[in-house]
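Worksheet: the structure to be examined is printed underneath.
Order of writing sets the labels: A, B, C, D and E. Residues in every chain begin at 1.
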Amino acid sequence: MTAAVTAAPRRGFAWIRWSAAGLLALVILAAVLAPLLATADPAQQTLDQLRPPSAAHPLGTDALGRDVLSRLLFALRTDLLLMAFAAGLPMLVGTVIGAVAGYYGGLLDVAVRWVADIFQALPVYVLLIAFVFVLGPGTPSLLVAFGALGWVVYARLIRTEVRRVRERDYISAGYLLGLSHTAVLVRHVLPNALRQSLVYLTTDMGMALQGIAVLSFFGLGVEPGTPELGAMVSEAQVFLRSHWWLAAFPGLVIVILGSSVAALGDRWTEREEAV
Amino acid sequence: MSELVRAEQLTVAYAVQDGLFRRRIRAVDGVELGLARGEILGLVGESGCGKSTLGRAIVGLTLPSAGRVLLDGVPVPRRRPPGMRRRVQMIYQDPGSSLDPLRTVAQTLAEPLRKHSADQVAHRTRELLEMVGLGEEHLRARPRELSGGQRQRIAIARALAVAPDVLVADEAVASLDASVAGAVLNLLCELRERLNLTVLFISHDLAVVRRLCDRVAVMYLGRVVEEGPAAEVFAHPGHPYTRVLLDAVPSADRRRLGARALGEPPSPLHLPPGCRFHPRCPAAATRCGTAAPPEVRRDGHRVACHFAWQAQEV
Amino acid sequence: SDSGGPATRGGSLTILRAADIDGWDPDKAIQLATFQTLPQVMEGLVRPSADGNSIQPALAEKWKLDAKAKTITFTLRPGLAFSDGRPLTSEDAAFSVGLWRKGLSMGSLYAAITGTATPDDRTLVIKMKKASTFTLTWLSNGSSVIVPKDFGGMSRKDFFAKPIGAGPFVVGSYQPGQRLVLERNRRYYDPARPKLDHLTYEVVADPNQQMLRYQSRQADAIEAVPLDLAGQIPEGERVLVHPSATIHGIFVNAAKQPGNDIHFRRAVSLAIDRGRYTQAVFGGLAAPATGGLPPGVQGSVGCGCTYETGVEKAKAELAKSSYQPGTKVELVVDATTPSSTRAGETAAAQLRAIGIDVDLQKLEVQVLVDRQAKGAYDLSLGEVGSVSPTVGDIFGLIVATGGLYSGLPMKTISDAFDRLEVAQTDQERAAAVRIAETWIHDNLPYIPTAFPDRLFAVSPKVKGLHITPFLSYPADLLQAA
Amino acid sequence: MSAGRLRFVAGRLIQVVPVLAALLLIVVLLQQLMPGDPGRVIAGPRASAEQVAQVRRDLGLDQPMLVQFWTYVTHLANGDLGRSNRTGIPISTIVGDRAGATTWLLIGGLLVSTALAAPAALLMALRPRSAAARLCARSLTILVNCPPFWIGLMLASLLALRTGWLPVGGFGESFGERLRSMVLPSLTIALAAMPLLARSGAASLRQVLVADHVTTARSLGLSGWPLVRRHLLRNALPPAVTLLAVQAAALLFGAVVVEQTFGLPGLGAEMVNAAGQRDFPMVQALTLIFGTAIIAINLLADLMVALLDPRTTW
Amino acid sequence: MTLLQVDELRVAIHRREKALLVLDGVSFAVSAGQCLGIVGESGCGKSLTLRATMGLLPRGAVRTGGEVRAGRGLAMVFQDSHASLDPTMRVGSFIADVVRRRRGASRAAGRRRAVELLAAVGVPDPDLRSRAYPHELSGGMRQRVAIALALATDPGVLLCDEPTTALDVTLQAEILRLLGKARAERGLGMVLVSHDVAVIRQVADVVAVMYAGQIIEAGPAPEVLGRPRHPYTRALIEAVPTLDGPAGRFRPIPGAPPDPANYTSACRFSPRCGHREAACQGVVPGIPALHARHRSSCIHEEAI
């Protein structure tokens, strides 16, 4: 076997990764430029309902006669933000809790470990549904539910990593050089402990998107009227057989968005494994 | 001679799991050890005898459960203020973990100098690099781009950045190639001369200790069993344990391997009564199993053995 | 479909419905399915005619309304028996009337009844405080079911867990929330009915799943398909109920700001472009509302007035009202169906166009009902439908709910209701209804927007289906081709 | 069994208690937090405020929370889950009725997802650099981001409806029919859940494959089935068991969605229905049942791992 | 009797889509009862040599040439005994498995043999310890088990990759003594890899010095280590302090060994060599450690 033979597949699929990164960039750009790119007001209802794609409406119109392309563009904004918050909020909470517990240890750590164990053992997904039912539909309850249930994974990941990093010699070196514990935690421990949870974040964002889509499917998603991908799919479900494009495009965007974020995470993991 | 650092009846205990129960073991047990300014003291002993624990207690990373550490004859508080922490620095065994992997050399070295102006920092950083024999080209490198020896030099430079009085080097060259280790050790000697550093050099490599150190302390199961001038200890070891250690070192002359099988050291959970070494001691007598050995001193050389210097080669 | 063709006997049909019955206790009835299904097993004294315009004999073969004596005298069919073989007498009927009257939820609808008498086994006399024609019609409703006296010795809970009646079917098997299999009652008084041996109701909540099962012929019909799905059903298999007995409108909380201001309510009414609204929300399968009561119920005569639309007028009304521009007005809709969400969006868009700052919120039905009942809402979008062939049914609901949760005093309507109840001629009835319609138009306790059609998907296999405007159908006439 | 493992088993068993307590508390709290009035649900929309209040009193909803909690717990201890608000039918009856479909779905899902994931995991672990493995990995990334209800919809309308081979939904009466009606739901739930299984499976398998002790075993002449059974499987099993437990939990969530899309009369669909209808006792009971199931699965998995891995300790 | 003969071993590793030849024509032979010591700085290819000989190359490394002829079986002892024992298996069962595989012995016989082997490598209470899991044993004990495991296959040649580097001096002495005993009693051939010249000096009969993927000097131990003929060997010996050597400064070899990416066909040590001259740029192949003859690849061989 020669080098070329074993190396070939590696190069062969690099394009997938690049296209993932490219797609993600494109999606973000489209979201940022939505007001410029949209050809119509995404909320403007007309009696031109359920039209197939045409020059005036490149992706057709929905059941209320709104331009699907424009809604899609604005939905990207909603979903990127939702994704970021639904995954970012738990990460923030989990990171702070996990870091403090992992670094300082002691009773706090024991408490956090118990709580995390309990949370871990609870049926998170079922509770997610129950929570949103309790809090009622809408963005705030979505975020609260994701935050309340999602922090545990991050707290665990971070705690484990912090405990691993804490044993590293440069941590005690930093302390000996006169840094306070907080400074050591923030300057040395956290940056080195974040990697795993960042990788997880990329998966989590896709999962958050799915979660939102599923909750929309049950009619528990964002406020009605807000352009949002999951809601668009679930609204279009009933027209699937006659107007397939209505569900197809937002669905496709969900898949693209989730996969390209996840592909970035894969890249990190692979790089880790390659070392 | 006034002592710069002194461990006084220093004891460090850890909680460990023994079957279904938790128990405390004393990893360091009433150690008495002093370092004079400008000297290198070698600390040797088998794995698990408490060398690292003692070192970490002296720099203040591990809190003693009894006894205290004195700096310039003044006891240090249990929680040392930053200024006092800076006076005693540590060099670690694993060069892979002693540097923050995310920071460049320049950032690592600048960290302890944060109070200074940018100009001063740049100047001082270059000075430090030069001191450990590295060039400016390494300033932008991250740890993974450096070799083990280079990393260890950076770690030394970082410790020197705060102008410490004492360095504790815990197996600082154990994971380096002999050749690279030699270079780092040469650097240590040089720095000691230049900066009048005091060094506690923890190692299990007796050959290195003999070459590098002014004095040697031998630890066994949490206790210092022998301490004295290096030349003295190597030439006339007073404790049977020291002799066993020396015998085990492969040497150029002898194709014969050290005398006898020593067996495993006892678990610190089940310490033997009397002299802790007696179950493995080639020269043990009944007394050794019942009474703790006295400390015998002979001009700057002390040995904790009932038969110090008496037990002949077995 | 048509009732013609060769009369077939036997066979079975499977019908899909979105929601299960609310159980067999008639007082719990809320879902249409309950009103439709309960009398199939526990038949009442009378039943609505197939077109929903009059009442027909059921267990009672005839009846007499004595306006003066304020009584209705029912004569039961001879030889009636419950499906377990026990004979059915007027005692059982009298017990059942007592049961209805005591109902927590439905009791008010039987308020006119003061007592019963059973001169003989086949005669039941219902005494009333007034000569209520409404009461007679209401007795054809699906919750007026006849059960054995004292539940045949069982507790109420146990009895309704395994009900016994004298209807055309008996419960073959029932898995709540899943499937109800009705089987022919071999002791039914009319040996020619039911035509089917088995009638299976499957509960499938997801409209897509409903369509898939229907298209794959795993089911023969779907009850009350969401109107969105009209396009998915082959032309010849759509059965439209038009006009229906349903009214779709915006409920207003008139007990608090800003709904307590008639100018605000008028502004809301003027803001809704009903033509556009029906087009947008129902795809044309609805009529713009022309009155406060649905046209598909017997006795509904329309308003005779118009519900105007006009953005400028609406804005002018809004300006006259105490509404402060910029104040959030909450509009709540049912969360679980896409079409109600869509209706909410359309209504919200039209209200926003005149300057009402609408905050659209989704809530599950039960929460919505709870909030409405407690007056904790501003505006809410909803539908109410009649369940029996009388306009008085909706009247009753409007009175009982304070004008569909508006909180306005219901004196006028209540009086009109009383007049309606005792009216003996069509003119008298029409006059009573018109009073109510006019009051609703002038005071807008709620804002009627549309009279939506109802849609069934019915495969060619199904014969003999006659759907009333209030969506019940005599299942004993169904045939499987 | 070693002390460490005993401690683990004991600790793990003890831990279940607070977890169950927490679940119970959440379940009861859930009702307190839920908007919508159970009294109103029972009394119906036409009932007056006094009638609603009466119902609340009858249900004990006017009692302080702790009392309600206690009542609930004592009833539960007697195996009484309460009655459905809407139909008045004992919840245990309904649960018994509907557990069947969910069990079928879970077993089917677990089987199908394992069947799908195992070859993918093997491919990615054994030939990680091959084109097929890379393609597989990318496809999994895409698959994991497909909404499950969407997959179900596609399968039902494209596969079942077009071909008529399989029922598009429902839960047949006979065994054969049931088997047929389970194919698509199992496939859907498996497709949604298998990417994770395949990926983590591949990762843990890869870890075992390159583990030094496997190399050692191979160097000692062990190969074939004995190597796989004694060394590969034994070490790959603990992570696999943990993984399957996680998978089962994920499937339970998937069940809620898939039952809804395929009109399966299972517990998940009932949960959504009940929640939509504010059937509080039902939602409570189902949350409790799902929760207990997951807790039990995790407990079993952990105990099994403890059995398989001698290093387990608390 | 030659038990193991390795000829012209070549191993390439793949790094960033390039194949680097990290072992370049390594040849050696081991006969019964003989110990070949391989010394060299870290990264010079010592471990790869042993692994390639065993046929256990790590992922990413490929044997591209050469031949390995082994008379009787080969067995290997790894540096990290913790990782090389199956954590889920009692050590006795592991040994018994190997025994049964080798000899087709019964389960009970396998067990008995395992206990015997443990006793032979100096494990106290062999009966009890055979039922322990690896994590329940100390480092020295585990290394003994690893040796027992290797002996269970009844090999002709034992390949030991730094078997004592992770151990204390006292334990190191015992393990070395144990290996010597096994060699003497069983007529084992042995290849011992270490970067510690002192260890090699102590146990090896024949020494091969490796540098940058090649053997650059080989011969009888006393000769190679006593009168080295390659500047690298000399520097290596001087760099390692000994107990009885002169005191004073350490003498490290200046510079660092080249990265495999920079291997040339010229003398690879020349950039660090004090005797460097133009002729060193010519092709200098590695030499085989085949005979008892002392050979060096340095062109100044005789002069040094």
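The rule is simple: contacts are C-beta pairs under 8 Å (C-beta built on N, C-alpha and C of every residue); 3 or more make two chains touch, one makes a residue touch a chain.
A quick map from chain label to UniProt name: A, D = ABC transporter permease; B = Oligopeptide/dipeptide ABC transporter ATP-binding protein; E = ABC transporter ATP-binding protein.
Here the structure is a predicted model, which is why all the values come from computation and not from measurement.
Engineer: Between subunit A and subunit C, which partner chains are common?
Structural biologist: Touches both subunit A and subunit C: D.
Engineer: Weigh A-B against B-D on C-beta contact pairs and write down the one with more.
Structural biologist: A-B
Engineer: For subunit C and subunit E, what's the span in angstrom between their mean Cα positions?
Structural biologist: Centre separation, subunit C to subunit E: 91 Å.
Engineer: Quick check: how many Å separate the C-alpha centres of subunit B and subunit D?
Structural biologist: The separation of the two C-alpha centroids amounts to 54 Å.
Engineer: Please work out the Cα centroid separation of subunit B and subunit E, and write it as a whole number of Å.
Structural biologist: 30
Engineer: Roughly how far is subunit A from subunit D, going centre to centre by Cα mean, in whole Å?
Structural biologist: For subunit A versus subunit D, the centre distance works out to 22 Å.
Engineer: Find every residue in subunit B that makes contact with two or more other chains and list them.
Structural biologist: None at all.
Engineer: Two-or-more-chain contact residues of subunit C, please, as numbers and ranges.
Structural biologist: Counting only residues that touch two or more other chains, subunit C contributes 208, 335-336, 363-364, 367.
Engineer: Which residues, counting only subunit B, touch subunit D once they are in their complex?
Structural biologist: Listed in rising order, the residues of subunit B that touch subunit D are 17, 19-20.
Engineer: Would you mind writing out the residues of subunit C in touch with subunit A in their complex?
Structural biologist: Contact set of subunit C toward subunit A: 207-208, 211, 226, 228-229, 231-232, 276, 279-280, 283, 333, 335-338, 341-342, 344-346, 348-349, 360-364, 367.
Engineer: Spell out the part of subunit E that touches subunit D in their complex, as residue ranges.
Structural biologist: Residue positions touching the partner: 54, 56, 58-59, 73-76, 78, 80, 83-89, 94, 97-98, 101-102, 133, 135-136, 146, 149-150, 152-153.
Engineer: Show which residues of subunit D lie in contact with subunit A when the two form their complex.
Structural biologist: Residue list for subunit D touching subunit A: 15-16, 18-19, 22-23, 26, 30, 33-35, 129-131, 134-135, 137-138, 141-142, 144-150, 153, 157, 249-250, 252-253, 256-257, 260, 271-272, 275, 283, 286-287, 290-291, 293-295, 298-299.
Engineer: Contact residues on subunit B for subunit A in the complex?
Structural biologist: Going by the criterion above, the answer is residues 56, 59-61, 82-83, 85-86, 88-90, 92-94, 97-102, 111-112, 155, 158-159, 161-162.
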